[in-house]
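Order of writing sets the labels: A, B, C and D. Residues in every chain begin at 1.
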Amino acid sequence: MLLESLRTAVLEANLELVRRGLVLYTFGNASGVDRERGLVVIKPSGVDYDDLRPEHMVVTDLHGKRVDGTLNPSSDLDTHTLLYRAFPAIGAVVHTHSEFATSFAQSGIPIPPLGTTHADYFYGPVPCTPDLTDEAIQSRYVHNTGQAIVDHFVTNNIDPMAVPAVLVSGHAPFAWGKDPHDAAHNAVVLEAVAKMAYKTLTLTPGHKGVSQALLDRHYFRKHGATATYGQ
Amino acid sequence: MLLESLRTAVLEANLELVRRGLVLYTFGNASGVDRERGLVVIKPSGVDYDDLRPEHMVVTDLHGKRVDGTLNPSSDLDTHTLLYRAFPAIGAVVHTHSEFATSFAQSGIPIPPLGTTHADYFYGPVPCTPDLTDEAIQSRYVHNTGQAIVDHFVTNNIDPMAVPAVLVSGHAPFAWGKDPHDAAHNAVVLEAVAKMAYKTLTLTPGHKGVSQALLDRHYFRKHGATATYGQ
Amino acid sequence: MLLESLRTAVLEANLELVRRGLVLYTFGNASGVDRERGLVVIKPSGVDYDDLRPEHMVVTDLHGKRVDGTLNPSSDLDTHTLLYRAFPAIGAVVHTHSEFATSFAQSGIPIPPLGTTHADYFYGPVPCTPDLTDEAIQSRYVHNTGQAIVDHFVTNNIDPMAVPAVLVSGHAPFAWGKDPHDAAHNAVVLEAVAKMAYKTLTLTPGHKGVSQALLDRHYFRKHGATATYGQ
Amino acid sequence: MLLESLRTAVLEANLELVRRGLVLYTFGNASGVDRERGLVVIKPSGVDYDDLRPEHMVVTDLHGKRVDGTLNPSSDLDTHTLLYRAFPAIGAVVHTHSEFATSFAQSGIPIPPLGTTHADYFYGPVPCTPDLTDEAIQSRYVHNTGQAIVDHFVTNNIDPMAVPAVLVSGHAPFAWGKDPHDAAHNAVVLEAVAKMAYKTLTLTPGHKGVSQALLDRHYFRKHGATATYGQ
């Protein structure tokens, strides 16, 4: 079976989203990329999680052309492939409609860095894209969703490996990482961070977030050459 | 046993409501209709879910006259039958007191379409009926609850298959669908949509909802001749 | 064993509170009364729920004098016994620190009847007692807590069987019923009602509650000679 | 194995945090101290809870020098050891990013004593430290976090055994107790208290808390020579 270990990792990332309560019915999808072969492995569309097996995963090229599998890929495929083309360092993408992160996306506001839980994972606000124009919605909508993400990161000079998640306005979050396990982990932490941001902002409206010094300290504790966390 | 497969489907829809946390004790009911025979199958009133079996389901005609079964039907029967008579395309009705949808019903406000989760299922706001008059409450209350729903959809020209749920002011939601599985699924999604709408509206009060273009795109992605979602 | 079936019913009511998530660690207690013998059965103080057996229940007279058992009774005993003496129709009392009902008690505000879930169980607001005076706190505090409940019901002419629960200001709820099963059921419904009231009041501040006609209709649907709910 | 029973107690406290939903992934840590030997037992950094065994616990002296074990200690070790040096009565320290207590810490506000659940455990507000200066963050950050806690308790004359928890501004709570079981218990109760305080303060903004008489009554019911709670 082509890309067997990546299929297994992508399936496992999808199941992690279910276990952590981020996914209702089939409202979510995870994918991974094999950079050497230029192939993407993604969940099929609308299949019950209980029935998912590695062989059900769909394999496409980096432009979404199916090269293996008979099922339809996730309807969000074009967003995933565009992110892979634009962000060469990422190895996996996850999309959920998790309750609190989606509520921020619906509100159209970023999640400010309100504490160290956030700072350990996201080096600055988790941004929210601007609304798509009617034209962008009416033409290549799924592709244009990805383009809005990429444009927002480029325009605002945000490193996608330092802020591995985004809120799509009026829609829901995407998260990514170096591999499917990491991307799913980031999606789970994003939801935890969003939960606490919701409480913080309703308790103390207008809170702008922690200092740059605290952001630096926590982010570099877990990332980069000076990381000290873990074994 | 009369209507055996419909009884099983109605029981299963009732149990799905319990599994998804939409029902406390016996606060909910699901029914289905056999359009050819003009018969409705509905949960009995006030029986523990653990004890429910297909043979406990009550069979009535479209005006609520019991034609099979010895138990009393759900006390909301007259609302169900009125919806079946008024909305010929629906095949099942579900009623719950699920926490967030009921909170909107208690507030007497519709759930605006704040994101794509909503737009995938409900083509516009989930409406809230006006309060019943004292006279309507004091006479045929359960029937009049159904009438308030139907009047609101007719007056506002809402297609019940495009918006398969409603909030009854000061009471709780009803949802429906083409069959019991679909109606329960819509009730579960309604609760998820209400949860996120509550967070969105408390974060950004006055939010009016997404653009018509986004509503169109998402709704028609899952419905109608141009649907692309699923297998 | 004295009062064996009442001990079992009281234990079962205590366990129902745990199963429904109303009790953290040992923060709750249920009791029942045998009116013929004038005896109260109550949970012992501070014992883990996992270890509770019917023989651990403590038996006292209606003034709290222990007549059977070696363990200390719940520290809230004097509130329970006072309620039994003042409200002759009740057969059981339950006390929890359940999250949402306690939050209303901490806020010092009643839970208004915002919908039919409430109206099915509580015929009017769930009242909140006034704060105890420092003198009442410093003297017979537990007794005076019960006295504040009774005074509030008497002064405001509230029938304890029509409104089988109260919020003690700055403390937490008490609920009661005709037997331990019924009292625990009312405590569980109170928490569900409080959850929805919290959402309703934060969505639509100042909401005063449903009409008297709706209160009448729902309450008398389940209570009294004209009840139609259930089998 | 050195300090075997303390290792087991520390592991069990860590697992209690997971069971009670206070910890996501590895976001938490518990430690205990052997005062006679001057040794601290603490969870290793970034190890999955499923894999934790007593022998994985790390043993250090009171200045954080590892004296047994090969794994890295929790990255928060320097806060724990400073608390042990400054607060001689405490026997264990727990740190979590539990949702509601962390939200108060992110808001930078104390949790006022809004009811008797709080008063049974915390004799006054659960305080929140001032923000660390950039210099404190950029130098010995973890040590300085502990110093901010100790300074706040000393400056405000708070007895750490009467208020066995603190919120670190922009970060999360620490709790402590006479042993690991007690510290974990206090962290669990802190989260329950924070949950209810969040609801109370959003229902009734500006609520200042219960009277000193009620604080006294509840706190001394469970603590000190006149305690009457339990067996």
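Going forward, a contact is a pair of C-beta atoms (placed from the backbone, for glycine too) under 8 Å apart; a residue touches a chain by one contact, two chains touch by 3 or more.
Bear in mind that the values here come from a model prediction, so they are computed numbers and not experimental data.
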Steps needed, at fewest, to go from chain B to chain C via touching chains: 1
Same or different residue numbers at the chain C/chain D copy interface, by half rule: different
Far-end chain from chain C, centres as C-alpha averages: A
Rounded Å distance, chain A centre to chain C centre (Cα mean): 47
Mean-CA-position distance for chain D and chain A (Å): 33
Multi-partner residues of chain B (each touching 2 or more other chains): 202
Pairwise chain contacts, counting only pairs that touch as defined: A-B, A-D, B-C, C-D
Residues on chain C engaged by chain D in the complex (per definition of touch): 24-25, 27, 44-47, 71-72, 75, 97, 99-100, 102-109, 131-132, 134, 137-138, 141, 170-172, 198, 201-202
Interface residues, chain D side, partner chain C - complex: 114-117, 185, 188-189, 192, 195-197, 199-200, 202-204, 207, 210-211, 213-214, 216-217, 221, 228-231
